[in-house]
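Note that the chains are named A, B, C, D and E in the order they appear, and that numbering of residues resets to 1 at the start of each chain.
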Amino acid sequence: MQKITKEQLIERASALLRDGTVNHVLGWAQGEFDYDITPAVFSDESSLTGNFVWNDFCGANFSKYLVSKCRTLEGKILVFLKPCDTYSFNQLLTEHRFDREKVYAIGIPCEGMADIDKVKAICGDGISSIDCSGEKLSVTSIYEDSPISVNTADVLTERCVNCKSKKHVAYDELLGDEGDILDSARFDEVAKIEAMTPDERFAFWQNELSRCIRCNACRDVCPACTCEVCVFNNPKSGVENKAPANSFEEKMFHIIRAFHVAGRCTDCGECSRVCPQNIPLHLLNRKFIKEMNECYGEYQAGETVGSKSPLTDYTLEDLEPGEVFDRGDINA
Amino acid sequence: MNKKYLREDIIRMSGVNPKKCMRCGKCSGTCPAYDEMEYHPHQFVSMVESGDIEPLLESDSLYRCLTCFACVERCPRGVEPAKLIEAVRLTAIRRQGANRLTPNDIPAMLDDEIPQQALVSAFRKYTK
Amino acid sequence: MQRIGVFVCWCGSNIAGTVDVVAVAEALKKEPGVVFSTDYQYMCSQAGQDLIVSSVKEHNLTGLVICSCSPRMHEATFRKTAQVAGLNPYMVEIANIREQCSWVHKDMPIGTEKAIILGKAAVAKVNLNAPLTPGESPVTKRALVIGGGIAGIQTALDIADAGFPVDIVEKKPTIGGKMAQLDKTFPTLDCAACILTPKMVDVAQHENIRIFSYSEVTDVKGFIGNFDVTIKKNARFVNEDICTGCGDCVTKCPQKKVPNEFNLGMDNRSAIYIPFAQAVPKVATIDPAHCTMLKTGKCGVCSKVCKANAIDYTQKDEFITERYGAIVVATGFDPISMDKFDEFAYNQSKDVITSLEFERLTNAAGPTAGKLLRPSDGEHPHKIVFVQCVGSRCDSCAEKGKEYCSKICCMYTAKHAMLTRDKYPDTEVYVFYIDVRTPGKNFDEFYRRAVEEYDVHYIKGMVGKITPEGKKLMVRASDLLDGKQLNIDADLVVLATAIEPDKSARSLATMLTASMDTNDFFTEAHPKLRPVESPTAGVFLSGTCQGPKDIPETVSQAGAAASKVIGLLAKDKLKGNPCVASSDELMCNGCSSCEKVCPYGAITYENKEFRMPDRTTRVRRVASVNPAVCQGCGCCTVTCPSGAMDLRGFMNEQIMAEVDAICK
Amino acid sequence: MKFSYFPGCTLKNKAKDLDRYAIRSAEALGISLEEIENWQCCGGVFTTARDEIATKLSSVRILKAAKDKEQDLITVCSACHNVVKQTNNAMQNDAEFSSKVNRYMASEGGYDGSTTVYHYLEMLRDIVGFDALREKVVKPLSGKKIAAYYGCLLLRPGSVMKMDDPENPTIMEDMIRAMGAEPVIYGNRNECCGGYVVMESPELAKKKSGDVIRNAKAQGADMIITACPLCKYNLMKNGADVPVVYFTELLAEALGVKEDTNE
Amino acid sequence: MQVKEYKPLIVAFCCNWCSYAGADLAGNNRLNYPADVKIIRVPCSCRVNPMFILRAFQRGADGVILCGCHPGDCHYTSGNYFTRRRMAMLFSMLDFLGIERERTRVEWVSAAEGAKFAATMNDFVTQVAALGENKRLEDLRCKK
């Protein structure tokens, strides 16, 4: 259950629409199912009351939408930002990707988002509705007579289990309470893979990445991937989009993508959330983050506006590429 | 003990890198116990660096360092000689039967005014 | 489609000995775009070049591949050949089949096979080559020198003598800098003022030099050949053009209790002042922080006594914008603060002084009129201790001091010691040193004279603590060679303080996009080969802003910087390297990543209007590369996430084509 | 305002004045010092060897006791302060050391280095404030020329103690000014008195303490104040012919709370 | 049937100012190294896009080595510092994906280090040859 209610958000958004502070609201709208939430633009109060939702499935990070919406919408846009979204928000500001003047950002607390696949694993298929308003999720299924009660903690998405921050790093206004930056175990999974032998690692990723269907969802949702023209769409780049023919093609895609967002990725986890093949793509980004933290000092993209990412910076005493391999387990 | 091992052990224990020393002698220039010492702070640094540690272990200089950290504070190279002296001293008194001070020695040193602190400190410094 | 001609050189037997040149020419004939392929004994000879020229005409060639020696050897030659043949010089690629093939491989079939592959890679690249034309930009024939010390003075004089106008910007009311404060100079012991002040007069009288004193640079825009610089002339409340420098106002000013910065606070000046007798420009300046008239509106004495009517209490700061072709940074140095070194008791006793203060104490124009007297009680000191390396050569993690050697201290300390002993033979002089560093002409001889002839006590060891006690300074130090701790009851202690770049340098570097090292010294374009140029084109370095230097070094570097400036200003137009980065505006995100890695500040951003397919327009922030500033390293191209940034002559597509050709 | 308070062994024995005037003066300034329960000795000196673990545990326990009460910790004896502060620093910055300590202390719960340690003087400066102190002074010590004797332990190593500029401290001088007296600046105020080496080499202590006294007097002092019982002992024993008193005693006098505690 | 001896294919990117000149010096001094090494000239090591390296592997290269000026000696003052970070990150990602770390290397070779260039290439070729053909990074469709 989210601590802040949908009604509170609608009320605040309506008030801001009414007094002319904003002209549009970027928020979540009901999809076909209760757990199927899509981003939407609301421009009047009635559509807000009709379609706006806020529940445990509102994972979508709106920061990226600001890039295009600031260009196409007239007037000021209200955007709701969960703590993790604010990092992307700042990072995009660092990269001058949208006009801050056109945006009114409201920070909202987040208790973590639910992963529908985990819910399905518990409740089975045929879910007809999910009520997120109680302590626990109440899941109604066409196969069951009475709703099944599910602990929210058991179905949190991976990124929320390892939530890095409940603190907003940007907003114009904050609803609800401010949280803290957390000590998350987000690099544990990466460390586990690092501990494997190269052959095991190769097999692990072969298994994961061979499922890739190159649908580009990861790229399209990624708040760091806001290029005017993506290299994978550019015939001159030499790596333009192709259907995967064998194991290397999609590896190359994902390495290049990870490298392009390295130092800019805020670890928002959207890539893995939207992957229809459930590939743990965020691990590639986390690998870079972990590596850069260890080699060049802690850096959190988006924590402040205007910061210099480790790959656009250097020191005279940086490790050599060979030493990066041989540095051993510095955590030991 | 093996000479090289001894040197490494002292460097590890103290966390001091004697190679950083540029031989300016400021530690010895500032040391309040200089005149009471056979080996002076800068010599501790250079002798540990060259592995010539046995003479230091046998010298009373070990027990003259006041641990006042003047050398640590004023060293332009951040070498921290007092920490090195402490490591050598510990190496000496950790050896079997090498305690410098025993409870039996104490009464002779006492007067009415001496603060407890002095006894505790001396025991810490002079015994294992 | 290109029409490519391939020319395989034998280089006598140098190539032909291990590479079957005929086979190479034959194999490359089959490559896409190749319409002509041949081999010749010496392609770089006149006959070889003629062969190329005639082949271009005969076969209507648009691109050339020369399989020969290293491009570092003859790329320029063959580019000229192409130009003679009517081609763009950048339509030539070299396949290095000598240094990187025939000379390192022994086996003919292997060598031949590799030569063919290298040739294929070159063909693949030429297929994507485009004609390149170096950009041209005009050169404004005027130079700006920032800083009016000896470095700035010398640079300005040299440039002005070559016939170019020069402006000097100096933040103090007078030029002259640190050298004006010195007494004598090592190792010749000639008087600093005697050699400096004539130069200052030269500057003042030179028809090509303008001095902006009491001024600072507040903004720099533009690039090599065309810098637009804003200079702020601080209000000095005296009309410079009218003031005769007679000094009547200075004598009559009732506020006489202002610490005199020229004498480092060791005496006082009045609120209206001329820093020293030989100041240039010799005009008075009112210090607004201390002037009663400016603070309370009551006084006006200077205005009353000024026969020239030069006083103007209403004067405001003035901003001037000028265009310059070149900028020389000559911002100089300052001694570091002694606040964190109070083991030497600088803050506890007036009789612990810095070397620069010592210069003033011995200078005839100084606070004691050249008599060496203790600042505390005006008595003559009989025992003086000099401490070298104070704040120099410190560990980087130490919280105080500088990591580098300040270079000049050993010599000026020797000078101080010698002069003291010379003038006051009854004075005992001790110098505590870690090393005495005397590389320089007549330097070591000078130091030895101090020891041998003047009987200065040089003691190897550092001073650990100075304790003022009564009238004495108790100096505790070690004598490393004698193995003693010394306790000296000195009357005066002189600290040879480390020097650091002037504090204004950091903000100036940002304005100039010139890089600095961690100590705030400006970095050179190349430490060995381009030591007086900054990596930012058109910005040159003179004097201690680049690193610690003594006067002769400073003057020679100043001359070198001037000659670089003259070389630049002598050109009417600048021809750039055409292999520069350029950004595809349609793909650029405006994210500023490229700007962050560019060592030259060649990338700027502008908001540009784009016409959309639906006929609306949209303003977007995009990068633009100044080809006159870009040096073509390509760092930006890799940082650019969208691939909008590319490097002419080494385009992504071209390098990919080479990779493909090699890996085929 | 409440703080955890660690007096240390000597303050319960030979240096009772240092202790009781500290508590009295704090009360007068509106601060209550709550003595840590069942405290053990701080260890006397901080052993800089990184492999000395057990000898530092008692200091860690002091820090932990304050943390358990969610209070900042105040010490007054220079030696205790030095040991506790250096131990805390090691707990914060030496991961190997802190993990070893925490393994020793597994049964009593770990400690993470998060306690803030103030010396009594820092409390006066940073929490009470010297301006506020000045206002509370009822008996200004006007006319007195007082030399503050820091010794070595309060200030060094400067990077750890962070109390004041280790070569040019002002904290005690500012306190002296706040109490209405005139501070005497003298070079040897941060030189060692001879410390515990007095046990083995009374001559050394005599020489070092003598240097301090001579220098202070030469600069015009008619009284020396200190925060360290051992400093006081060494100075008194080695020919101090001006009064050497604990700074807390002088503070209590200025605050007008000295007489009623006379025993 | 003739059994063809396995020869690794090595792509070497060399910066124009130091390493390419170092390679030329190796040639001037007639220092041998295997012909398996093919050099591509770039203005600075920082011009090398990770995509080039991946492309080489995709097209069948068995090893890729990147040579630049020694840190501190970059002709463009800072290019190789960026290279150092970028390649450290790229290589550790390849390693993370289970690709043999011995197939990639960064080496600083100055214009005076002809001998180092030859020795480095000899060493790298031996190292890559020991691994055998690059299978994990290869796009089979691209091979003829």
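The rule is short, and it goes like this: a contact is a pair of C-beta atoms (placed from the backbone, for glycine too) under 8 Å apart; a residue touches a chain by one contact, two chains touch by 3 or more.
Keep in mind that this is a model prediction, so the values were computed, not measured.
In terms of the stated touch criterion, the partners common to chain B and chain C are D, listed by label. Looking at A-C alongside B-D, one finds more C-beta pairs in contact between the chains of B-D. Relative to chain E, the most remote chain by averaged C-alpha coordinates is D. Remark: chain B and chain E have CA centroids separated by 52 Å (rounded to whole angstrom).
A straight line joining the Cα centres of chain B and chain D is 24 Å long. Separating the CA-averaged centres of chain C and chain E is a span of 35 Å. The set of chain B residues touching two or more other chains comprises 35, 70, 73. Annotation for chain D: residues touching 2 or more other chains are 158, 167, 191. Across the assembly, chain C contributes residues 343, 465, 597, 639, 652, 656 that each touch 2 or more other chains.
This structure has the following touching chain pairs: A-C, A-E, B-C, B-D, C-D, C-E.
Of all residues in chain C, only 343, 389, 393-395, 397-398, 401, 432, 434, 460-465, 476-478, 480, 483, 485 touch chain B in the complex they form.
Touching chain C in their complex are the following residues of chain D: 158-159, 165, 167-168, 185-188, 191, 214-215, 218-219. Residue ranges on chain D touching chain B, taken from their complex, read 8-10, 13-15, 41, 43-45, 47-52, 55, 77, 79, 151-153, 155-158, 166-167, 191-192, 194-201, 203-204, 207-208, 229-230, 232-233, 236-237. For chain B in complex with chain D, the touching residues are 12-15, 32-33, 35-36, 63-64, 66-70, 72-73, 80, 82-83, 86-87, 90, 101, 109, 111, 113-126. Those residues of chain C whose C-beta lies close enough to touch chain A in the complex are 586-593, 596-597, 605, 618, 621, 639, 641-644, 652-653, 656.
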